[in-house]
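Once you've had a glance at the structure underneath, I'll fire off some questions.
The chains carry the letters A, B, C and D, assigned in the order they are written, with residues numbered from 1 in each.
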Amino acid sequence: MLMRPAPELDVSTWLNSQGPVTLASLRGRVVLVEAFQMLCPGCVSHSLPQAKRVATHFRQSDVVVLGLHTVFEHKEAQGTEAALKAFLHEYRIGFPVGIDRQMGDSRIPSTMSTYQMEGTPTMILIDAEGLVRRQHFGREEDLVLGAQISELIAENDAARQVPSSDSRLANDCDENGCPIPK
Amino acid sequence: MLMRPAPELDVSTWLNSQGPVTLASLRGRVVLVEAFQMLCPGCVSHSLPQAKRVATHFRQSDVVVLGLHTVFEHKEAQGTEAALKAFLHEYRIGFPVGIDRQMGDSRIPSTMSTYQMEGTPTMILIDAEGLVRRQHFGREEDLVLGAQISELIAENDAARQVPSSDSRLANDCDENGCPIPK
Amino acid sequence: MLMRPAPELDVSTWLNSQGPVTLASLRGRVVLVEAFQMLCPGCVSHSLPQAKRVATHFRQSDVVVLGLHTVFEHKEAQGTEAALKAFLHEYRIGFPVGIDRQMGDSRIPSTMSTYQMEGTPTMILIDAEGLVRRQHFGREEDLVLGAQISELIAENDAARQVPSSDSRLANDCDENGCPIPK
Amino acid sequence: MLMRPAPELDVSTWLNSQGPVTLASLRGRVVLVEAFQMLCPGCVSHSLPQAKRVATHFRQSDVVVLGLHTVFEHKEAQGTEAALKAFLHEYRIGFPVGIDRQMGDSRIPSTMSTYQMEGTPTMILIDAEGLVRRQHFGREEDLVLGAQISELIAENDAARQVPSSDSRLANDCDENGCPIPK
């Protein structure tokens, strides 16, 4: 599994949200980012319904589901906020959805580029420490996704309840200095 | 069953077609008109795939499938030709699709209004004589739709093979001349 | 299409039926024979549910659905009347089902052999005249099956309304006597 | 969640297995017991395919899937080893399946009775310590089941890797006495 820190999402507008959402503010919870395009058939038929199931079956305090509208084709058709709003309304998608920032003439929007996504749908699983633990392009089975999310939740619970000697040291002052507590 | 003549479709633009399509020009064949909106989930998941199956499994000489984009909500999002083109491309829809004409401030577009449709998806079955034989709002089973289409084809075949007295007259010479038999 | 007369089903026991069912007695109606085995996954998941839909959506006066239990493997497991009865009960199959007659040491039961079926599921469509019009091994789409059944019904309706010269002769008195008209 | 020790399965015959399987011998691994009847439609269409997916997607060293044939109706039809063998063959079920022991005139077989199951399908999740953690009658979503299994695996991994001071104390004698080891 990858263990790199998840770069912040570079979003021009957030829908279904009171204000901007940052990954930093979600530290302590598992985050599922579902990158999609509203005119991508596999997103509509499979990955968005799956993301809705995740939002339904896991506790908000354990897992946060975020959509990311990474438009890299048909920008005239699906690239407007109005189009996305209508889509979210009709498909009853209630979790926050960010519009990935378009970058001048670049085909690929900002976050999609940063994460080097291969297309849509792409799901990204970020653990409670803010590390990317999985990035998957295409279809994933519910059984597998459920297991992976649960694994990250369990890790997090374990970290909270039974601080390992490592993590205790890491948060304490030592000869090297005093780290900011997580 | 309804037996009223099918009013012409009032379409502002045709896609997937060399030029305008008229019901009059399709006389002699059964026509399935599938009225939809690209952001209507039931259309995307059920009725458009069904229309594609009809186009696949029946002979073009027996049945013509036409899409009709009857946008009555989210006009900013789904009301442009560019949006519809992108949609048809992504969902691999190859049959002709007409954009139902918007009428000034009216919410309901022209053909949708003329046919008094209740919403989308709506399917309209027109027989070889140009009569509306069925208009159905919502989901229909493949078994039932297949049977209905086949029934209209069979009627048409029968009409061609066993000329009724009416059609026989029409094909006979009269004072005006001798028509080429159908 | 095949046009041979449908041989009678050679059945040792009929379930869901007051007594033996003969194809001869069903003349004038379209008959769908669904040959299956209770331990055949494709029969359970696809063809039997489809046969139930046919029984639901078409009028009994137009189409009769018959099951035929053609056990050619696992005879100890699925070859008893008790096993089949339990199966029909659990899967809510209400149409008549005949048990294809086992023939001594022969692996293939009688009707299956006569019809030269390739395996299960096999569907056989018999028209109102008692002719085999279609025999299909494997899966068939609802749209296609619905169309085929409807076509045979339409033929039959046409035959009743516009008697062909053949059928007219058949109903007329001749040197052998005067048949009761159909 | 329930935390009672899982009683041993009382099985008359094991299929797909070299010999008898005991829960005791599987301590250290999560066990999914899938209780079913071969003529139970919900088992055939949903719970057995789900159990196969569990067997496919999780490591054998983490999770063991066991079938339990709990025949409480249609015993003549589905109560024989031959019937079950044919079923397992046709449905490509490769994990060990035990035949729940029939008890004289009792309708409910032995293990089904011990576990007080309400019917089929019933799934039982047993953790690596041999405790019943979940017992569910009816359908369960893959996302939820995947999460639950993963949670038990994670607990087990945590227990192996980072023994908490609590659990060490709990199993050792101390000034307060000698607890019975878990």
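As a convention for this text, a residue touches a chain if its C-beta (ideal position, glycine included) is under 8 Å from a C-beta of that chain, and two chains touch if they have at least 3 such contacts.
The structure displayed is predicted, hence computed values, not measured ones.
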Practice task
Return the chains common to the contact lists of subunit A and subunit D.
Solution key: none
Practice task
Return the distance between the CA-based centres of subunit A and subunit B, expressed in whole Å.
Solution key: 43
Fill in the blank from the handout: Per the C-alpha centroid definition, the whole-Å distance linking subunit B and subunit D comes out as 55
Fill in the blank from the handout: Multi-chain touching residues of subunit C, meaning two or more other chains, are none
Practice task
Draw the chains as points, connect those that touch, then say whether the picture is a line, ring, star, complete or other.
Solution key: ring
Completion exercise
Listed by label, touching pairs are A-B, A-D, B-C, C-D
Handout entry: subunit C to subunit B touching residues, read off their complex
Key = 50, 53-54, 57-58, 141-151, 153-155, 158, 162
Fill in the blank from the handout: So, in the complex, the side of subunit D touching subunit C is made of residues 39-41, 44-45, 73-74, 76-78, 80, 82-87, 89-91
